[in-house]
Amino acid sequence: MNILLVFLFLIQQTPDSLPVDTAQVTEIVRPAPPTNVIAKDTPNDAGGSISVEWDISADDGKGLKNVNLYNVYKSKTEEGKFDYVGTVGAARTSYDDQSVEKDNKGYYYIVKAQTKEGVESEPSNISSGKSQAQWFHHGRWAYLILGVIFTLFFVLYIRMAKGKKLFIRKIAGLDAVEDAVGRSTEMGRPVLFVPGIGLLSDIATIAALTILGKVAKKTAEYETRVIMPNYDPLVMSAAQEVVKQSYTEAGRPDSFNEKDIFYLTQDQFGYAAGVDGIMLREKPGAIFLQGIFYAEALILAETGHSVGAIQIAGTDRVTQLPFFISACDYTLIGEEMFAASSYLSRDPIMMGSIKGEDASKLVLIIVIMVGTVLGILGGLHLGLFENWFSNLINWFARG
Amino acid sequence: MRRKIPLSIAFIFGIIMIIQFFIPHRISVEFYRNMLNALVIVGIFYYILAVTSLIRVHRGKIKRRKPGWGYSYVTLISLAVTAMVGVLGGAYQPTRITAWFIEHFHWQIEQGTGLMVIYTYIQIPMGATMFSLLAFFIASAAFRAFKARSLTAVLLLLTAFVVMLGRVPIGSLITRNLPDNIQLSNIVEWILNFPNMAAQRGILMGIGLGMIATSLKIILGIERGYLGGGD
Amino acid sequence: MKERKGLIFGSVILIVVFIIMFIKGEPSKNIMVWIAAILTLSIYSFLYKDNVFYKFAEHLFVGVSVGYSVSVVWQNAFIRRVFDPLFITRTYIVDGKFSLYLFLAIVIPTLLGMLMVSIFTKKHGWLIRIPIAFVVGSYAGMGIAPSFQAYIFEQTQSTLYVTLSISSFIMIVGVITTLVYFFFSKEHKGFLGKTAGVGIWFIMVAFGASFGYTVMARISLLIGRMNFLLHDWLGVIK
Amino acid sequence: MRFWEKVMKLDRRWIFLLIALAVLIPFLKPLRLPLTVTKPARDVFDAIENIAPEGAPLLIATDYAPSTAPELDPMLYAMLRHCLSTKRRVMLLALYPQGAGMAQAGLDFILPEFPDAKSGVDYVFLGYQPGIQAIVMYLGEDVRLAFPTDAYGIPLDSLPMMKNIRNYDDIALIVDLAGSSITLTWVTYAVARYGEHLAAGVTAVSAAQYYPYLDTGQFVGMLGGLKGAAEYEKLIQEKGYTKAREIATIGMDAQSIAHLVILFLIIIGNVAFFASKSHKKKRSTAGS
């Protein structure tokens, strides 16, 4: 054990050196001090912070430009020695002191103005405040309200959907899955599933795994090989489980080969190079590019096209969609990919959640329409509407 | 068992992380920090799976003498060498072993560690070259796809054409004599800022709703495909 | 057949150009630059067709990049976040007192991570679902608020800045019709179908614009590599 | 008709060859395609022209990484040439660790052209210090707070050029070369707080988002991508400051030609499409 520890010690990296803070303050002649200093608890925080606010010094701005910094000082007692805590630039009127040691204990603050020459003013009035930790973030009401509304939609529609048959519009890319696998089988070529460079923690990758489940079921039925090179090891393990399950459901658990779902590398272009190589050598008849893709999207899609495969792509990266559209046969655009799990399973509960999404979309459309009307009326300077409009925008700007 | 335990874990942690977002209290912030750290720690062990899988696949190729099996040695050897250099010699900062070599043998490692030398001269150039293949592929994709087959294809083709033209100096010479607001560069800017932005926003809102719905389905255990089968 | 000859001819010309430049210029004396240059050319050879050089470069790339990740994870994740806190710096001892919470904050994820090894056993293979569920569940919970922020709030807010102008009108129509295109639970016919059709037009215009806009950045990547080959390696241009 | 059908099925490697030539030829034989100098670029040039030789220095911040170097390196080279050839003084620093490497590489590249230029007299390379915003603010107080020594470990006070330089008041102009949004840090702290003049060099993709800062006057000028760099090269060549190879102009030529090749290919593709009228089984690629 000791040998191991010594060994680990030897191969440990030497620590980084830390920069030294060397702020200094000097004193000679004095500008006017800031006034109306108020210290109070910083709202919506974890505690340990007091916000100090003040009115600017008479020598700040208005052409004088004398003052260019405000220095904030803190003390534990009203009379006691005030220690420097921080500095902000001219025209600023607040400072958050994050160095408060104890919550619910009073601290005293003063602020001094400082000129370009480094001359500080007399201290301002003294103000005291306590810091507190909050249990609810009041700046996040907007999230809570919208979140609750949307969640209600989902839950409500999922409830209502039970036992019913719901409609879902055609998504061409998903209808083509069977054809693609079938054609690949006819040609005697394997199917390649590329999950992109997303991690299992990315929602789009989870959506891709649902599509993989469907693809694997088809390959199991047609007895075609499905190859899947991976970027994230965890996606690989999850994919192995998914494919194994699909093969079991298709009644062919024995034809499942774990080695066909393997790890490649976690380097973006290393992954692209490796997948390109696999495309050229395995010559798949169908390629699924589903998940999160960045610049490698077009490298993969063009190489896939050059080996003559049918390609069905899908991603939530808006910047890469144009390249998939131009190089692939079918492309699932953004939300279409997330809808795949409902589309493919036709499970009433899943369909219910699609309805929930649509209802939320309707809400957004209504909000935009109302906002437009208010915005136009506000633009005509009708006071009331102008107010409503700015309130609406601010509401969405929170957080 | 095999499904219930994982599903309840996903549910519990999903709900906790949602609630955490609304609580600014110190305890909650501390917890969040520890959760992030925990996720990184769990992530360390992914690499056991990764390396095992890679070795298995390539050992299989070598054993069965599959076509191109010789290259599997390239992968395995370069993996072993790089990992040795990095683990023994340090990743971003040199380890004590490297420091000792630098001191006693007057080694000069410009990049700090052996790993960074490999990174700078092997991984980066190859990555940059793969990346630059896009210059070729974007041309071949444009040639093949931008054909006026249908109305939507025409829209795709035309905007791409106009924007590309607007990006080169020669393009702006065409509209040189026209009034200011129909100068090519201004048209391009307008396309980017309005119709382009509008569609992007619409797509993004859809994606957002899809992501939120899927997250909720994962937390509630409705979306469970990623766990595989069994009970 | 004739076409192939032409292509070989073209490629040969490219190679000859490089050889001439090699003789004319002052090639780099740094062996690592040579390695980088040869690997660069090996990858470009893939544009003609799959060959020995590309296969070698590709397999090397995979091996080196996995080795790199392993090193970084070992040094910057395992040593810094597990080994050091547990055995060297002992972060779980605060003011001389043992803190169970901080101790478990390191030990539990470590044990969770170790469950992944269960995949190598037949009987307990399912245990790997526990860390998977932990990761997926936590990130799903953490992701909801940022999704609201980035995809809903920000997009709605910036759409709402309207004025009485054609541009603003186009913006509003574009956003709404695109959203309508993503309606799944109603068939796209009649008015809905027409609106969704307009949405598709907007989507195509957007895709065309991003495509055209990106070309320049992609070409400059190639210029960067050419600069490396001609300047850093061959020294033919100063 | 057979000809157009052949064009339709053109082997894509011909396209690759065309693109390779389009980029390679300008490297070997610069074409110098016509290029009009835009106002933001001329403003940057004029601002540097207005700096007095041997007077207050220009500060260049190299806040970029290798990934954006093809676009931003040429700007750094051109500005260093501009200053060193006219005896204007230069300070270099970086707010990112990788940026220090870019500045050093830039100096290594340019200095052989100016054998008389001395470190500490004609230029000073301060290196990198961590703490982005703090560094920008320290520069408003005293350079020495952020950078006690230059990148080679020599105390600033022993460098002749730095003797009278304390803070932004003694720096004529800042040029930020950045591939990220770090330029905004300079705007918020150096410009808004200390009233310093700032010019920006940014990548082509991010140039659009910075135009508002030009309108408000928070940037005195801006260079956008290779095009901006090429314009700057043109300006210093016109003044006869340097005869060095104009990499951005070459890059710009390469970009223009490659663009024209692609545009040409699209036209040819469509002509072939209509001429051959091969509306046979076409897999729809647009629309899904």
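All chains are identified by letter, namely A, B, C and D, in their written order; residue positions are counted from 1 within each chain.
Throughout what follows, a contact is a pair of C-beta atoms (placed from the backbone, for glycine too) under 8 Å apart; a residue touches a chain by one contact, two chains touch by 3 or more.
Predicted model only: the values in this text are computed from it and were never measured.
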Of every pair of chains, which is linked by the largest number of C-beta contacts? B-C
Most widely separated chain from subunit D, with each centre as the mean of CA atoms: A
Length of the line joining the C-alpha centres of subunit A and subunit D, rounded to whole Å: 30
Subunit C and subunit D, separation of their C-alpha mean positions in angstrom: 25
Computed distance of Cα centres, subunit C from subunit A, in Å: 15
Centroid from C-alpha atoms only, then distance subunit B to subunit D, rounded to Å. What do you get? 26
Quick check: what residues of subunit C touch more than one other chain, meaning two or more? 43, 46-47, 55, 57-59, 61-62, 64-66, 68-69, 75, 116, 119, 129, 131-132, 135-136, 138-140, 143-145, 148, 152, 156, 159, 172, 175-176, 179, 182, 200, 203-204, 206-208, 210-211, 213-216, 219, 221-222, 224
Out of subunit B, which residues touch more than one other chain, so two or more? 21, 39, 43, 46-47, 49-51, 54, 68, 87, 90-92, 123-124, 126-128, 130-131, 133-136, 138, 140, 142, 144-146, 152-153, 156-157, 160-161, 164, 167, 192, 200, 203-207, 209, 211-212, 214-216, 218, 226-228, 230
Shared-interface residues of subunit A (touching two or more other chains) are 12-13, 140, 143, 171, 200-201, 203, 206, 234, 237-238, 241, 264, 266-267, 269-270, 273, 281, 318, 321-323, 325-327, 333-336, 339, 354, 357, 361, 364
Would you tell me which residues of subunit B are touching subunit D in their complex? 124, 128, 135-136, 138-140, 142-150, 152-153, 156-157, 160-161, 164-165, 167-170, 172-173, 189, 192
Residues of subunit D that touch subunit B when the two form their complex: 10, 12, 15-16, 18-20, 23, 33-36, 66, 204, 208, 227, 252, 255-256, 258-263, 265-266, 268-270, 273-274, 282, 284-287
Taking the complex as given, what residues does subunit B use to touch subunit C? 2-3, 5-7, 9-18, 20-21, 34-35, 37-52, 54, 68, 71-72, 74-83, 85-87, 90-92, 115, 117-136, 138, 142, 151-153, 155-164, 166-167, 190-209, 211-212, 214-216, 218-219, 226-228, 230
Residues of subunit A defined as touching subunit C within the complex: 5, 8, 12-13, 140, 142-143, 146-147, 166-169, 171, 200-203, 206, 234, 237-238, 241, 264-267, 269-270, 273-274, 276-277, 280-281, 318-319, 321-323, 325-326, 333-336, 339, 342-343, 351, 354-355, 357-358, 361, 364-365, 367-369, 371-372, 375-376, 379, 389, 392-393, 396-399
Per the touch rule, the subunit C residues reaching subunit B in their complex are 32-33, 35-37, 39-40, 43-44, 46-47, 55-78, 81-82, 105-106, 108-110, 112-114, 116-117, 119-120, 126, 129-145, 147-148, 150-152, 155-156, 158-159, 167, 170-179, 181-182, 199-216, 218-219, 221-222, 224-225, 228
